[in-house]
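Note that chain A is present in both complexes that follow, paired respectively with chain B and with chain C.
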Partner chain A sequence: MSAAPDLLAPDLLVIGAGPAGLAAAATAAEQGLHVLLVDEQAAPGGQYWRGVEAAPAALTAVLGRDYAAGRTAIERLRRSGAAHAPATTVWHLGRGSAGLEVGLASGTRAQLVSPKAVLVASGALERPFPVPGWELPGVMGAGAAQALLKTSGTAAEGAVFAGTGPLLYLVAAQYLAAGVRVRALLDTTPAGALTQALPHLPRALRRSAMLLEGAGWLAAIARRTRVVRGVEALRIEGTAHAEAIVWQTRHTEGRIESPHIFLHQGVVPQTNLSMAAGLTHDWHEGQQAWHPRTDPWGAASVPGLFVAGDGAGIDGAAAATASGTLAALEICHQAGRLDRSARDAAARPHRQALKRERALRPFLDALHRPAPQFLVPRAPETLVCRCEAITRGALEGALALGLDGPNQLKSFSRAGMGPCQARLCGLTLQGLIAERSGRSMAEVGYLRLRPPVKPLTVEMLADLEIAPALEDTDAL
Partner chain B sequence: MFKRLEGSETSIIMRFEGREIRARAGESVAAALLAAGIEICRDHPKTGLPRAPFCLMGTCFECLVTIDGQPNRQACLVPAADGLIIERGTGGALP
Partner chain C sequence: MPSERTADAVVIGGGIHGCAAALNLARQGVRTVVLEKDRVARHASGVNAGGVRRLGRATAEVALSVAAARLWRDMPALVDDDCGYVESRYLKVAFTEEALEEAERRVAILRQQGFAHEEVIGQDAVRRLLPAANPAILGALHVAGDGAAQPYRTTQAFRRRAEALGARIQEASPVTGLTRRGTDWRVEMPGGALTAPILVNTAGAWGARIAALTGETIPLEAHAPMLAVTQPVAPFVDAVVGLLDGALSLKQYANGTVLLGGGVRGRAYPDENATELDLKGVGRFLSAAFRVFPHLRNAPINRLWAGIEGYTPDGLPVIGRGHAEGVVHAFGFSAHGFQLAPAAGQVVADLAMGCAPAIDVTAFAPGRFTHTYHSIRQDSANARAAAT
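Entry: the complex of A and B
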């Protein structure tokens, strides 16, 4: 992390170096803004383009053309003049009396910087998939399995993939393309999902290339591994490590021995930061997730704060490049670097791209909407909160006392209080309360999140380096 | 068991619980441990049961280990580097 004075007060601070953040940082820097791009990972690319600069040719071939395109986006960033701070965590974001404040941490140092504008491009995370045994070593997200493939060229022979959603099929197909044996794919896509999704198909055909690509993954998987469709229940067995996965469909059941189980049921926006920043969020019924409320430029409900990419709603990498660019153009406009007509002219192709990419989503969202029993686990022994090891059964006990909101449930049970700050249980807690009370997810609401959004040591706070603009204020 | 696919170059040498671990430039400590066949990285502070990296992208905090004496580091966010001394997460409280 650089401590150069202009980086303590950049024109634009971009959080996240995935497709949205890379495009935004480069676009704004090319227009002459002082841009600081901070990212938690050691190398740029986000999850989608993870490790793309270092990936050997053979691996890049397995991961595909869209993956390889990440190199171009990163080269553009490096040429743009934007400063890139890797391995840097954001622990605070908000607007105080002296303007925007962003808390950064890198290694053992913490800083409080004062940018003129902030773009949150923090991307998505895999939706929690609480099934009995999901906390056992050997069980991982399919996205995690893909991360290992991308940065390490590492894969597990004979793994079982379970769940639903494009990423699940993609990673299984990439495993097979890399010559790695896949034991089985247990598909939890509900039986009626296709019927629900069909009305959205005509619009989705505008992105027929992507639909065909997905169909190709499915065909490759069906040819080369066992696929069980209509899976309605899952349980992972093992004591110190996963040993087997037990599945059930309406008519039959089975048990497959494998030490590696990769779970996935879609991705949801990472909203811990945008929520802690006090941005207004809306419940998105189709995606079963919270979206920060934004205008067509990505401007959020707090002045100077923008959100783009999958962190604003799941639309995929190509859409993220477009929405990141649109936000940067508006930020340049507000900074006086682009007049209205130049901004609008530059925006036009990105608006079209965004519209095209979004045409696909309602179909995919309906087709891969997780079944209720995988959103809120049925078996009482299932861990809901992994950090504090709280089961559904324990939460039932707390709820029986008449608690009616996620915050009450958290204070009472400690669920959501661990270091992950409910990233892996918040939606489940919300769903459990909704289910029991008969209220909608929107009515129940989410946990109240506060900074620091990532753990920080007291020493780091004591040695905090503060941007001059914020020094005499009551920041924090 | 996880395995590296092709003859990828593992030029970095670290230690986990005294055992030599080889890593590839650009990968995280968590990825290197998994690639070396080390799947359990800590014991859960409440249950004492073993836990392993789950998300590999910084969100789940399951891969907390001690690195060069500093506890509770997210192994998936620390780049592998020569000479790192890594110990199984003790399960102590977070700072």
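Entry: the complex of A and C
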């Protein structure tokens, strides 16, 4: 982590080096802003372009043209003059008495910096998929399975893929293309989903190339492995490790032995930072997720804070590049580097790209909306909060006492209090309360998150290095 | 138009003190309504450190605290739930001889008052009780038989017991006005009003605002004491540990997590129900924690938070009848009210019913901060002196 004085109080701090963060950091640095781009990973690229700089040609061929494009985005960042701090976590984002306050951690050091503007480009995470046995070793998200492929080129032989959503099909297709055996794909897309999605199809046809690509994955999967459609229930068996997955459709059921189960039912914005920063969020019914409220430039409800990319709403990598650029242009405008007309002229192609990419989303959202029984598990023994080992049954007990808000349920049951900071259970808790109370997801709301957004040690926090701008607050 | 009397007592504030007062009032057949502006246990009652200690109390508080400790040992009898209460030792350790000498003086004063629960122990005893602690610790102020409980669960248990006894708890009901109607108080809130002869103010950090609505000025500041909890670490301590010459409170739960506090304050925004951490301040009690237990340096912090609490100028709570008729105040517990609640609830109910409470609470008189109060006390002291 750089400790150069101008980086303790940069003009812009970008959080996350995926498509949105890379585009934003480069755009702002090219306009002359002091930009610090911080990222958890050792190399830039985010989830989408994970490991792209180091990936061998054979792997890049399997992962496709859009993946390879990440190299161009990273080269642009390197030329732009933006400082890049890899392997750096953001554990705090808030307002101090002297402005924005961001807690960074790298190695054994923690710092508090005070940027003039912050862009949160923290991307997406896989939606929780609570079924009995999902906590067993050997069970992981399809996105995590893809990350393994991208970083180390390793893939698990004989895995079962289960769930719904483009990423599930993409990763299964990539595994097959890499010559890896896949036991089966258990598709949980609800029977009526296509009917629900059809009204959105005409708009989606504006991105027909992407639709065709998706159809291509499905065809490739169906040719080379067993596909079970209409799966309505899943259970993973095993004692110390996953051993088999048991599935059920309306008419039939089966059991497939495999130590590798890849679950996936879509991605949701990674809102832990934006929530911790106290930003206003709105419930997005189509995506069944919270979106930080932003204006067309990505400006959020706290002055100086912006959100772009999938962290603001799931629109995909191309849209993230566009929304990251738009946010950077507005930040440059506010910093006096671009006048209004220059900003608007530069923004035009990115606005158009964003519109084009977003045309596809309502169709995909409707088609892959998870079935209710996979959002809120039915079996009482299913773990909802894995960190604290709280089952649906235990939560029912607390709900029966009248503790019917997410914070009340959390405080009483401890669900959501563990190290994952509710990333694996927050939406399930909310869904359970909504289901039991008959209230809407928006009415129920999300639980309050406590810092640190990412863990750091007692000593790191005790020895916190504080930017001079923030030290001055004592004098106020 | 005179409004009909809708309750015998209205309790303002659904924290642990409000719920405990309601429980004790309802037990005597008093029709009681608790008005909570947010949700029960939303603030200090739900997010405090859960310490159930007599150790280190201001001398004026010891009698109330000792009475409360007796009730804590049998919580199921009181609220039908053990509240997660676990009995443990408390130690306030010292790194300097001066701190230990001061502790000795304190123990001597308590002994004179008839309280024998606190004692000073030496270096060997500390090493035996806290084998993982810094060997440089010279001794400690020690008490056996205190403990810790789960604050949110405890407050909910008081609430449920109060409801079972007939009290009504009304959440999302902020009080906007208090007016006298004959011998009753009219309590206004958005969308309605209640009328009752007895008004109990257990509004915590908002207690002075409620007092002001009755025409009484009581000094109170809202602060946000901060706490931290680690991820689970191997078991290393079964006592609650504090510092005699520094800010620290530390305990390890059965699940391995370690709670760290010490009263260091963040920023409180009572109007917005919001707090902000002072991260530099957090560092102060974290450093104190690994000064006592060096291996804690590497423990990962899981959560940091602060709760909104009301502090009085002298750090003692306000418990007593108000200036206006029918009013009883119990707030401003200054970050050490959780343990007192079971006993304070009885005292408040006694005061509300016009009885003399079993425990003397004159040291907590709401009027003690006013000039008049002090001149009257001085006059009577002079009169007593003159008479002898």
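In this text, the second predicted complex is superposed on the first by the 473 of 476 C-alpha atoms of A that agree within 3 Å, B and C clash if a C-alpha of one lies under 4 Å from a C-alpha of the other, contacts with A are read in each partner's own complex, and residues count from 1 in each chain.
Throughout what follows, a residue touches a chain if its C-beta (ideal position, glycine included) is under 8 Å from a C-beta of that chain, and two chains touch if they have at least 3 such contacts.
Being a predicted model, the structure only gives us computed values, none of them experimental.
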{"item": "Touching partner for A:G418 - first (chain B), second (chain C), both, neither", "value": "both"}
{"item": "Chain B versus chain C as contact partner of A:A462, first or second or both or neither", "value": "second"}
{"item": "Partner chain in contact with A:E40 - chain B first, chain C second, else both or neither", "value": "first"}
{"item": "Partner chain(s) touched by A:R386 [first = chain B, second = chain C, both, neither]", "value": "first"}
{"item": "Winner by number of chain A residues touched, once chain B and chain C are compared", "value": "B"}
{"item": "Partner chain in contact with A:L401 - chain B first, chain C second, else both or neither", "value": "second"}
{"item": "Residues of chain A contacting chain B in one complex and chain C in the other", "value": "388, 418-419, 455-458"}
{"item": "Residues of chain C touching chain A in the complex", "value": "39, 41-42, 46-47, 152-153, 156, 160, 228, 230-231, 255, 260, 267, 274, 276-277, 279-280, 282-283, 286-287, 289-290, 296-305"}
{"item": "Chain A partner contacts - residues on chain B that touch it in the complex", "value": "1-6, 8, 24-28, 31-32, 34-35, 39-40, 44, 46-47, 49-62, 64, 72, 77, 79, 94-95"}
{"item": "Of all residues in chain A, those that touch chain B in their complex", "value": "40-43, 47, 51, 53-54, 56, 58-59, 87, 89, 125-126, 135-141, 143-144, 147-148, 151-157, 178-180, 240-241, 259-260, 270, 386-389, 418-420, 423-424, 455-458"}
{"item": "Chain C partner contacts - residues on chain A that touch it in the complex", "value": "92, 94-97, 101, 103, 112, 278, 388, 401, 403, 405, 407-408, 411-412, 417-419, 450-452, 455-459, 461-464, 466"}
